[in-house]
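Each chain gets a letter, A, B, C, D, E, F, G and H, in the order it is written, and its residues are counted from 1.
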Amino acid sequence: MIAAAAAGALLLTGGVTAVANAVAPAGTPVAAPVKVAADVLPAPENVVAQNRISVGASSKAVNAALAKCQADKLPFVTVALVDRFGTVQALLRGDNAAEHTIEAAKQKAYTAAAFGAPTSELAKRINGNGPSIADLPGTLFLPGGVPLKVNGVSVAGIGVGGAPDGALDEACATAGADALAAAAK
Amino acid sequence: MIAAAAAGALLLTGGVTAVANAVAPAGTPVAAPVKVAADVLPAPENVVAQNRISVGASSKAVNAALAKCQADKLPFVTVALVDRFGTVQALLRGDNAAEHTIEAAKQKAYTAAAFGAPTSELAKRINGNGPSIADLPGTLFLPGGVPLKVNGVSVAGIGVGGAPDGALDEACATAGADALAAAAK
Amino acid sequence: MIAAAAAGALLLTGGVTAVANAVAPAGTPVAAPVKVAADVLPAPENVVAQNRISVGASSKAVNAALAKCQADKLPFVTVALVDRFGTVQALLRGDNAAEHTIEAAKQKAYTAAAFGAPTSELAKRINGNGPSIADLPGTLFLPGGVPLKVNGVSVAGIGVGGAPDGALDEACATAGADALAAAAK
Amino acid sequence: MIAAAAAGALLLTGGVTAVANAVAPAGTPVAAPVKVAADVLPAPENVVAQNRISVGASSKAVNAALAKCQADKLPFVTVALVDRFGTVQALLRGDNAAEHTIEAAKQKAYTAAAFGAPTSELAKRINGNGPSIADLPGTLFLPGGVPLKVNGVSVAGIGVGGAPDGALDEACATAGADALAAAAK
Amino acid sequence: MIAAAAAGALLLTGGVTAVANAVAPAGTPVAAPVKVAADVLPAPENVVAQNRISVGASSKAVNAALAKCQADKLPFVTVALVDRFGTVQALLRGDNAAEHTIEAAKQKAYTAAAFGAPTSELAKRINGNGPSIADLPGTLFLPGGVPLKVNGVSVAGIGVGGAPDGALDEACATAGADALAAAAK
Amino acid sequence: MIAAAAAGALLLTGGVTAVANAVAPAGTPVAAPVKVAADVLPAPENVVAQNRISVGASSKAVNAALAKCQADKLPFVTVALVDRFGTVQALLRGDNAAEHTIEAAKQKAYTAAAFGAPTSELAKRINGNGPSIADLPGTLFLPGGVPLKVNGVSVAGIGVGGAPDGALDEACATAGADALAAAAK
Amino acid sequence: MIAAAAAGALLLTGGVTAVANAVAPAGTPVAAPVKVAADVLPAPENVVAQNRISVGASSKAVNAALAKCQADKLPFVTVALVDRFGTVQALLRGDNAAEHTIEAAKQKAYTAAAFGAPTSELAKRINGNGPSIADLPGTLFLPGGVPLKVNGVSVAGIGVGGAPDGALDEACATAGADALAAAAK
Amino acid sequence: MIAAAAAGALLLTGGVTAVANAVAPAGTPVAAPVKVAADVLPAPENVVAQNRISVGASSKAVNAALAKCQADKLPFVTVALVDRFGTVQALLRGDNAAEHTIEAAKQKAYTAAAFGAPTSELAKRINGNGPSIADLPGTLFLPGGVPLKVNGVSVAGIGVGGAPDGALDEACATAGADALAAAAK
């Protein structure tokens, strides 16, 4: 279907992107397709499927989380939804949110996604004496991150940063997760 | 008003954030307020006001831009709205968008915001011989970025990355900007 | 099934990892499970599935690519298989491969994965005058990267760096892809 | 007014910058204006105004802070004024100030700006056991940073680094803030 | 022998790589050899030999370590083998392994390689009060890293990250090391 | 003299800084001096003197440069003065200057300082075919940077970024340099 | 004198470097001089002189420090001499020194240079509870760094990393400093 | 032999380093040895030997290169010797050398080491149209880098940066290489 849309133009798969970006500004005719040798297709036994939160759901979640914070008179937060690979899916920075809230929201979201538990729970496991999981790169064990699970597997996380108390951050993140629940339809 | 909301608890201004994050996970009572000496208040002549796109509008814009790309059978793009300081306000990564589209969308958005013109127009000014503005850090002169102006001053930009042709990226970015126009209410 | 394996110990999902790393060195009893509130489960319509190359297949592919280079008297290369999110799945550095071959192999692999075409084909589209897709962050348009597609969607790439000619790099990368093809079983 | 200055030359808004930088060295005639389609103008309800410290005031503040340190026989400090987005507005490095004082001054200033309180006060809230706000990226909870507030909202911070005691750093930062106060005119 | 393979083409030593990459995509004739003045050859007394783990052995080790983890129902780990210079030799990322496990595995492996002892042993030496070796850049003192020694000299390390307990990570790393032992032939 | 100022308190040389920062917030008594073994003093023949621009002069220069730009209706620029080691001495960011102007100003200033010539002159030497000095890390060969020389040796540079034409940037930078000239006293 | 050496060729000051690097490989005639407008010369009151360790002395010091470690059967260390601006002046990496010893040696050297005291003394001031100077960017408070002072001002530091005990590292660093002392001539 | 030196103290191999650094400042008794399980020893067929330039030779080479530049009235250069893994072995920064010369010298040295040819020769292969090996991360194709080969294999490189002409840089680098030649004993 996608390929059909590109008929006569680009060899358009989900993976063929931006090829003609270099060619010209808006208005230039679409570039000719990339001609490639017959693609090698991996056999089915070499492939695994992985669940992810869709972009539509991701947008719904971060908006719900921000709305909760705004209702709580905490508009100056950043909300992020990231996957298990640490990549942001959706992000909203509240008006007047300070700079570090962006990275804090991402890291809380990632930490929850990677460990499959709220960061408020994970934080209890770190006593501060000697090396700990708090040393792991890209993680942040402050309250405000909650995981999203599909079939018992953590596939993403929502993180909020900027409220004056981590419990307030977490309430917003949870509101974001709730917006995706079956009952929330 | 915001301060009122925090009466009896935290000294809550737009700028007092996360102070109690370290104290405890969700459920812990809100921390006592930070006691500070009387704040020094800058005299009015030391202050300048700057217009920005609100977070609500930012979310509306990136959703409109993504919707346009989805309607064009280009769901695998990333859309970003950033301010003149290069900080992301809102971001949506389409399903199956490749990693580089995140940074590309941000950089196109920033470039348009910083120079106050669509990146497709700016790109025409670079001939590739010798040093050029393309060497400036944090910029990307590929089509797909458009500026947002208030009172003739560029205050933000919308950028899209991932379509197989820059003109397609730009059409989505423009749809995002249109969603904020007066007539779009 | 996975959860069952952890019965009586950790709340073990694919997403619960390393929680007890901080607790103690080898020999310490397994930590008690993280107790969390009932997880919020996203409704099915909020979830999308994505195909990936399994780790077993990834290992097979990079070994096949390296074997081809060794057979061609080019043992000093690095081979990498990365996904569309730019994350490495498998990597082998040949004996005496120079440092830059690691990053080069990853970037070639990513570029092929992101654009769904061999880097040798993509390179033909860049004429070097003015801005181009070669400016996109994390990409490298030198021969030696080939994509892996499932159902017409590019999901990963194999990249090779270090041979004295890009065509030689590409031959090895192609050998890696061939090792995953249906006929290669 | 600004646009008028550029009449017949560049389409000159506050946001159109450096367009012709690539064209030629000093002496080259000013480049022709970027021609763009009618700009999309966001409706007023999509815009928020934010107060900032002007560059003139920023310069005055860092000079006052440095003067205080010099008077205290502490000339080897760096003074920085940064906004809530972590971007430096003004910076002075005292003679013989060590390298790290630059980043330390910026981080102290940012931390005060983001949390709306002096870093000396904020530091008291961190007990060092387990995760804390000291883990937040880009922050530094050592004395020497003070916030600047407008209408009760923290909009910037001044930070000083390099004195042998944090209280000495803070005294200089405070002198910088005092220079902007209403009574200081 | 290697040079012979390139006869008539490139001056092909282990150190001459990728020279023709710039010339053309696959199919282009091999580029002419680089003509250089007579190479200066360091006298023998200026040279030291250093032992390393071969790439074949490195691949064998990471596969064995991953197999152990998979057998233990811990497929979501990353395994890395790095040398004393911190450079990865071989890496496998298990299906669904979270992002941080990549860097964690590398850092554990490096730490073991650099200090010549398992990270679980090294961690016991850090009490958390004041500066410690845990502050050294690029190191991670969590269980899961084991050294590989030749003639009593540590030349490499294997690291595993992602299991819910460091002892489980270490068991996999040890299995990787065992696969290289004399008795394992 | 400096040491005298610290008598009874810290061992205060130009090089003893911030030692007590960790001890306490403002108000804490000054920490006891660091007791060290007799310092080793390098013999005179091991020492070289190097000229630098003082911080007072640096502040004067960046203010003069910004004033020129403001007079030219170009208030949205950043001005930086950096030394030959690439470290900023003074920086002012004009109101509404875009983010990249900070780094651009620093890099232009450094480039002029390092090569001892205005960047507008240096740019003429780069023809864009093949490798060039434009590839050197940390440099930027766009007009707007001018060197400062003492006894014929380039010791610093002033850089300006953000004007719509490099010649305009350079005029401001030159005004900054002129403010330091003998005749400018 | 330097300028004389370049008569008829490049405008050769200490600050004019590499201008012709872009022009051609070895053998190409020296490029024509950069023609610049009359340089602006800062008035004397705008200039400060700063003492530094010469490169010859720096080389002597790092060789002496390494020789001490080799005599102590600790050949696997790295030795660095850096200035107060954190820039390396001389560095030697012992045979088989692990990767992190490079950065560790630099950071110890810088810390001693910046604070004007041995890192072993400075470390005693950090108790590990709450924020401390150990949080300052680019510093490392492990034994092995010693300062070099001229006229009571710390101008550089020597750092050693890699010995199994910090006291051993420090002994080598001290030997390096001793090699520059007046009595060491 | 090395182990013998540590008898009764640390388990001292070339790979056991800095273990006790955390324990105490200078003067503290040597820490007890790390007790580890019987080390796993890789079988001989899993090991490869690699030649490197010794640290003594590396120091000799960079001193000879700098001496040549000083004799040529070019004292303001940096000289570096790096291995094929991009790690610096020895580095000297000449008096008044600008900051970028450090990285430039390292990158030239690495490029020569990785490709086994002088950078002046390699540069001739890049015509500047489209992607090229100049895009490879960590490389710099400006004259001034020469390789060092053992048994026909490139094992290291010497790089010089800062002279006003690349041919002058290369002459110094070559002098450094010559100092290691058999005839130079």
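Basically, a residue touches a chain if its C-beta (ideal position, glycine included) is under 8 Å from a C-beta of that chain, and two chains touch if they have at least 3 such contacts.
Note that the structure is a prediction, hence the values are computed from the model and not measured.
Chains that count as touching both chain C and chain H, per the definition above, are E.
Comparing chain pairs C-E and F-H by the number of C-beta pairs in contact, the larger count belongs to C-E. Its interface matching that of C-H in over half of the contact pairs by residue number, F-H stands out among A-C, F-H or D-F.
Inter-chain centre distance (chain D to chain G, centres taken as mean C-alpha positions): 31 Å.
Between the CA-based centres of chain A and chain B the separation comes to 17 Å, rounded to the whole angstrom. Chain E and chain F, compared by their mean Cα positions, are separated by 42 Å.
In chain G, the positions touching at least two other chains are 2, 14-23, 31, 48, 50, 52, 54, 84-85, 87, 95-96, 98-99, 104, 113-115, 118, 121, 123, 126-128, 130-134, 136, 142, 153, 161. Across the assembly, chains come into contact as A-B, A-C, A-D, A-E, B-C, B-D, B-F, C-E, C-H, D-F, D-G, E-G, E-H, F-G, F-H, G-H. Considering their complex, residues 95-96, 98-100, 103-104, 107, 123, 126-128, 134, 140-142, 161 of chain G touch chain E.
Of all residues in chain H, those touching chain E in their complex are 2-3, 11, 13-23, 31, 34-37, 39-54, 56-57, 60, 83-85, 87, 113-118, 121-122, 125-127, 130-134, 136, 146-150, 152-155, 174, 177-178, 180-182, 184-185. Contacts from chain C toward chain E in the complex involve residues 2, 5-6, 9-10, 12, 14-28, 30-31, 52, 54-55, 58-59, 62-63, 66, 72-73, 75-77, 87-96, 98-99, 101-102, 104, 118-121, 123-124, 142-144, 161-167, 169-171. The part of chain G that touches chain D in the complex is made up of residues 48, 50, 84-86, 110, 113-115, 128-133, 135-139, 153.
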